[in-house]
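Across the two complexes that follow, chain A remains constant while its partner is chain B and subsequently chain C.
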Partner chain A sequence: MSKITRRRFLAGGVAGGAAIAMAPGKKVFAANLDGFPNGMGVLVDMTRCVGCRTCEAACNKEQNLPEPEKPFDDASVFDEGYHGHEQRRTTEGAYTVVNRYDVPGSEPVYRKIQCNHCNEPACLTSCFVNAYKKTPEGAVIYDDKVCVGCRNCMIACPFNIPAYSYSSAFNPIIKKCIFCYDTRLKQGHIPACVESCPQQVMVFGKRKDLLKIAHDRIRKHPGKYVDHVYGEHEVGGTSWLYLSSVPFEQAGFNVTLQKEPIINNVKDFLAIVPMVLAIWPALFTGFHLLATKGKKHGDDHSHDQQEGHES
Partner chain B sequence: MKNLIKSGVKPHDATMRADGKKWTFMEKMLLGLSLDQYIQQALRNKFNWLLALIFAIGIPLIIYRFIFGLGAVTHSSYDYPWGLLLGFGLFCMVPLSASGFMMGTAVELFGRHDFAPIERLALLNGLLGYFFAVVFLLVDLGQPWRLPYPMVYSFGPAAVLFLVGWHVATYLSVQVAEVSTAFFEWIGFKRGYEFIRKGTIGLTVSGIILSTLHQGALGALFVYAPGKVHPLWYSSAFQWIHFFVSSIPAGLCMVICVSTIVYHTMKWRCDDRFISNLDRITIALAKGAAMGLITYFFIKFLAVAHDNEWAYLATGWGLWWLAEIGFGVVLALAVLSFGIHNNNANICRIGAFITVFGILLNRLNTALITFNWNLYQEIPHVFEVIITITIFFIYIATYRFILNRLPILYQFKARADGQ
Partner chain C sequence: MVKAGQTFITGLTALALSLVFCFTSYAMPDVITMDQLADLYDGVVFDHETHTMMTEGCAVCHHHTLGGPVFNDYCAKCHDGSEEVATVACSDCHSKERITAGSMRLAELESPFHDDLPDLKGAYHLSCLGCHQEMGAPVGCTDCHSKTEAGNKYYNSGQFAPTGSQH
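Right after this comes the complex of A and B.
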């Protein structure tokens, strides 16, 4: 009886140890998934956007965000520049913004920016309290009750989306678009910005269907669109997809992003973690035995005779 | 203190007083001086006045930060979420504190007891550096009271920062245990001392494991940001090993720097064993650092070759990269080698200071200067700079407080010398 108990105990210990050692590895393999098959998304057709900022206003109302300094019908925000040349970005008070990009030799284009809800979000994989979650509906949401405020997700996000409520002294948290998850997406409803758009810029639907629609539009109007759906492959694919009439870099997109999820870059390191944990103890204890075998050792530290090894 | 010793005062340095009685706690705290003597020497010391000035400005600012939030003392940048507090406080303090595991390994594991006179200084340097990296972190975190969350409440084991958090926490306790031997000696708790000494090998091995991983992990944190960190400073395959390998010369040279400063400013506290071995040990440490640097030099270029980034070297950022390598690695290596070759400890010391500045430059480049290289340059808020300086000087003050008292630079005698 006692033998079985002991064996069970040992087995449990080994399994527990293995589980701990494997913990970083598990996620690495899961990263090869293509995301949730029925995840929703939004296709943004920038050729239709006129920069009315109605979506910004709708988001502001839906998410109970503070009133902006300039009203939403004020077009002068498009001329604002930050740090010399930067245009507006998402902030703790605005989860989505529309920017204007002047394109040489053609009409300016407008681009709506918000969280792109990656299939394999870098913010999620960088969070050490697991505050982020990719829901089966496609939204990347987060639990601000556990957010410690390390801001690693802001470092990791390739689209510079998460903002932080620095102004709060006692409860600063990450702030970003959550795809209207709590109030709409969960019930299968259309997000506020999509619903509000008077120009039908955005189509809400299953991501896989949106990709078909996007490629259909490109095929039917080859002169109108650039032959690329931004978000189809960028950093492993995003739930929000973009169509453009001008090269994407001219509309402020980062076109240098890799196709693989960001977490793939970190796998090299994560893979060595269990190896170091497993190999180092024996390796260095071995070194110790090799180095000190046959030598006096202990607390007697006056080994002046070893000076000869020095030079 | 120098003057006091000249006038015949003996600082506390033994278990028993000369007359065979035990020291009281107060006497130990006052270094064996009378209260008057202690206060007078503290007032005479000009460095204390500098500290007072810095703390008078900086400590209210730290309190201000906790009342009014990070937004009041930083630029609240969304694009540079990690500013100087982490860029310096975490990413620079940790590599400079790699000395603990390096010297622990050399002395305890490889049996190189010829390094023993400096082992405790190296361990203390490690402990304090890590401790203050955590202090910097606490000031920078949005909700520092939630720091234990990744330990006990909400786990994100796939995140590199999770590993950093766990390892720094575990390693801090390992270092507390390692340094506690000096503390136990000082308070006269012999059983505690013997208990910890028995576990030395285990502690040292865990120190190597944890250090390998979290020194590397600090580098791996930046692997999350391809495109933000400049390609020359970015390497998804080698970032962790760059950070780990460069932490070796960083830690060793930091010990050389600290021992140099200590030798010139608190010589009274160093015993003969420390002073007479210092030059020899400095050169030996410089050898280790030089080997680390040359390895680092090769793997830096290996990374450029691996990702085929040669073309970047011809750009402005490339020149800056070459300048960092030229100063922090090539020049440092040349000076160290010259010092080693000529058996000249002072030249090695100069090389050590260059190495330390080179590592600082590398970490600041990765975290701050070349970060967001195709956006704009963030210049830290003046309050953030003052807070960073203040915490660094609290670190120096704590360092000095401990060196003054615990048997780090001197060996504890069983009984003090007679008058």
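Right after this comes the complex of A and C.
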């Protein structure tokens, strides 16, 4: 009789404990953040890009990156491609690259890639040394002195942006676009690539203003744009936004990304972990002490053994 | 039938007159050197006269600033039949500073429909290159302006080309 009572008591205790652990977790983390209210961003209008690669040159000079393999006015890079089909990607020596996409029944489309500076960056979440930081200005920056080169962020990034300094034998670290944070963004200046663009493909400004401009352009030029601003909702929103005249998948975008930030997939679970680690040992020790109060040690020991055999 | 023919001839005469008016009543420069932004490239020596012959009318590039018919539907909503304005150079309306979302908002306050005006660099390239693409005219960067030494350094081209490169 006493055995059943104790089990019921324990079951109730577990359910109660779980409820306590879950409740504050939901309340704190389920809120949907829109990122920093005055965060900056860049709107990329791909209908204007002609693939001149001036932005690549600008980035190279601004970030003091190594000399490129080919001149920045060389269009033959668009015919490169790895493994026969993959396009060029960002590397330790190039934080932004432009690729050409041949679209059937249309002019080729050029797409500039760089870090999209997510509102809730997956790279930041994945970094166990806390090297990454999302600044109020909107940039996702990282402390290269802290980086241990584990490459978790390379796997976490939904856009395959962080690159790795494979050329460094002793201190390989992550390399990526930092939105010109140190040299420009911090002072409110326009990023180097945006400033350099002859076709004014890019507009720099507050993300919320850029969203308005993007939707205005779609509305004012019916038929010119696909009715979607890439980055408005993808993985919880990104600071860099894209407009396109062709379906985004034809320009190499991943259109299967979730709208929720990637961290949301594990947030609820991760919120419980510290609670479980902190509360459960004390809770169950308490239960154990209460349940065995007044009993002889020997009896209890044999009883535990018996239970172990049953299960 | 005669009436239709008359109307046609009248219309044609009016068009011809308006074109003549367009080309003669202004001190229209034959050649314009666009070098306000020259840095990585030399300025463009723009053969204004030849381009005026090739285009439908002045408004293709000058929008509504010269008065007369306006080609852009968006501009035409307000400006069709507008008067000629005091200044007609690109840089009179398109800023030499690069625009940002912030500056666009300020412009919008002044004139709600001029909210997405490109800056001078953008206006030059979007207008010239846009037309060149449509007309099958040359579209290479150095077809219109040659690279300066600073430009070659910037693009790692010319005498600054990477060693091992075939260029």
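Just so it is clear, the second predicted complex is superposed on the first by the 239 of 311 C-alpha atoms of A that agree within 3 Å, B and C clash if a C-alpha of one lies under 4 Å from a C-alpha of the other, contacts with A are read in each partner's own complex, and residues count from 1 in each chain.
Throughout what follows, contacts are C-beta pairs under 8 Å (C-beta built on N, C-alpha and C of every residue); 3 or more make two chains touch, one makes a residue touch a chain.
The structure displayed is predicted, hence computed values, not measured ones.
Trainee: For A:273, decide between first (touching chain B), second (touching chain C), both and neither.
Mentor: first
Trainee: Just to be sure I read the superposition right, which of the two partners does A:252 touch: chain B = first, chain C = second, or both, or neither?
Mentor: Touch status of A:252: no partner.
Trainee: Mind telling me which of the two, chain B or chain C, contacts the most residues of chain A?
Mentor: B
Trainee: Counting contacts the way the document defines them, which residues of chain A are shared by the two interfaces, the one with chain B and the one with chain C?
Mentor: Common to the two interfaces on chain A: nothing.
Trainee: In their complex, what parts of chain B are in touch with chain A?
Mentor: Interface residues on chain B, with respect to chain A: 66-72, 74, 76, 78-79, 81-82, 105, 108-114, 116-117, 141-144, 146-147, 149-150, 153-165, 197, 201, 204-205, 208-209, 212-213, 216-217, 220-228, 236-237, 239-240, 280, 283-284, 343, 375-376.
Trainee: Sort out for me which residues of chain C touch chain A in the complex.
Mentor: 74, 98-102, 104-105, 115-116, 118-119, 121-122, 124-126, 129, 139, 141, 147, 154-158, 160-162, 164-165, 167
Trainee: Spell out the residues on chain A that touch chain B in their complex, using ranges where they run on.
Mentor: Residues of chain A touching chain B: 23-24, 26-28, 82-86, 89-91, 122, 125-131, 143, 146-152, 154-156, 158, 160, 162-164, 166-173, 254, 256-258, 262-263, 265-266, 268-270, 272-273, 276-277, 280-281, 284-285, 287-288, 291-292, 295, 297, 299-301, 303-304, 306-307, 309-311.
Trainee: Taking the complex as given, what residues does chain A use to touch chain C?
Mentor: Touch list, chain A to chain C: 43, 48, 50, 52, 54, 57-58, 60-61, 67-74, 190, 194-195, 197-200, 203-206, 209-210, 213, 216-217, 220.
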